[in-house]
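In what follows, subunit A forms one complex with subunit B and a second complex with subunit C.
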Partner chain A sequence: MQELDYEELSREELKLQIQELEFAVIELNLFLDTHPTNQKALMDYNMFSIELNKTKNVYQKKYGPLTNFGYALSSYPWKWVESPWPWEE
Partner chain B sequence: MWIYEKKLEYPVKINTCNPALAEMILEQFGGADGELAAGIRYLTQRFVMPTKEAIAILTDIGTEELAHWEIIATIVWKLVKDAPVEKIKGTPFEAHFAAHGRSPFPHDAAGYAWTAAFIQSKDDPIANLYEDMAAEQKARATYEYLIQLSDDPGVTDALSFLREREVVHFQRFGEALMGVEEFRETKKYH
Partner chain C sequence: MSELNKEMVYEDLETEHIRLPKVYVVNQPYIDRFPLPEALKKGTIFPNLYDPYMAKMVKNKC
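Let's look at the complex of A and B:
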């Protein structure tokens, strides 16, 4: 996988990066559900998950939480209500 | 428990106003083979599955379908949000407007409201998984009709992504079905 400096990316680029990594993770997740002993898929799943978490952390620090219910911290004031909703972008 | 993520699974880039196309795409928002029906069907059927793999795949595909439901609503919303009433009058979206304004509502392209009668769940994992595989094929076919109707590249792009997902879901349900059938055989003879 190419080394990307996530800090350098724009909000749109970073979101696309998250969508791409998350797509890989979803696809591998579904595959592993019916092939739980496939080691190659499992390694890929873990590798992409680590990368996905990195991008999400950078995104959330800059642009606010992607998830609520305790999965991401918020600075003041409560950031969850601030950033645009998916259909507003 | 479900956790919401404040982003779409796949980007939706639309800058046009097209109420007629929006009405057709509502087929996948509230139609018999649409994303809502898929999500509710799979999440409902989980409880009677005999294998861990089948429970997991129904949970995860059911969850992904809800993300697809949000993509569909976003497409519909973007196609109508700035539509003046004059551009709605005389289009197939006019009847929707009379009842809901520009808000999305789960009905099919012909206006028939979503109902649980669209789906089934039985205490019979084989029957359920065959239904699920058929549902994925019907959703794929519907996306192909919608792609033929679409004259908007942004809409076509998102629909093509969703069509691909139905193909993958069909594959995974087929594997889950094989697992359930093997499980039944071992129970019978051992």
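Let's look at the complex of A and C:
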């Protein structure tokens, strides 16, 4: 996987990057459920999870929380009600 | 189905030498991954599971 500088990405590019990584970890999650001792798949799962966390952190630092209910911190003032929400253009 | 009925069914099968259906799946090897943008579009990250439905292919088989 190429090393991307997530700080350089636009909001739309970041969201796409998060979607791609979330899809990858779900796929590997399902594979590992039935192949729990496959080390290569496990390494890829962990690698993508780290990348996913990085992209989410960059997104949330720049554009506000991706989720509410305590899954992401908010700076002042309360960011969740600030447009746009993650699913909005 | 009651226990009595079940026994009757299995006895019938045995005398007729008919086997019950069995399901199996082949173990999926971890060989390769699609690049992530491609995986998201194709709906799977695994090339060995990528098998989209194509009307053309079905026609050829008929």
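In this section, the second predicted complex is superposed on the first by the 84 of 89 C-alpha atoms of A that agree within 3 Å, B and C clash if a C-alpha of one lies under 4 Å from a C-alpha of the other, contacts with A are read in each partner's own complex, and residues count from 1 in each chain.
Basically, a contact is a pair of C-beta atoms (placed from the backbone, for glycine too) under 8 Å apart; a residue touches a chain by one contact, two chains touch by 3 or more.
Note that the coordinates shown come from a computational prediction; the quantities given were computed from them, not determined experimentally.
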{"item": "Subunit B versus subunit C as contact partner of A:Y71, first or second or both or neither", "value": "first"}
{"item": "Which of subunit B and subunit C A:D44 touches, first, second, both or neither", "value": "second"}
{"item": "First (subunit B), second (subunit C), both or neither touched by A:L28", "value": "second"}
{"item": "Touching partner for A:L52 - first (subunit B), second (subunit C), both, neither", "value": "neither"}
{"item": "Partner touching more residues of subunit A, whether subunit B or subunit C", "value": "B"}
{"item": "First (subunit B), second (subunit C), both or neither touched by A:K15", "value": "first"}
{"item": "Which superposed partner A:P36 touches (first subunit B, second subunit C, both, neither)", "value": "first"}
{"item": "Partner chain(s) touched by A:W87 [first = subunit B, second = subunit C, both, neither]", "value": "first"}
{"item": "Common interface residues of subunit A - those touching subunit B in one complex and subunit C in the other", "value": "16, 19, 23, 27, 31, 34-35"}
{"item": "For the subunit B and subunit A complex, residues of the former touching the latter", "value": "3-11, 53, 56-57, 60-61, 64, 70, 73-74, 77-78, 168-169, 172, 175-176, 179"}
{"item": "Parts of subunit C lying in touch with subunit A, wherever the complex brings them together", "value": "27-28, 30, 33, 36-37, 39-40, 44-46"}
{"item": "Contact footprint of subunit B on subunit A as seen in their complex", "value": "15-16, 18-19, 22-23, 26-27, 29-31, 33-36, 65-69, 71, 80, 83, 85-87"}
{"item": "In the complex, subunit A residues that touch subunit C", "value": "1, 16, 19-21, 23-24, 27-28, 31, 34-35, 38, 40-41, 44"}
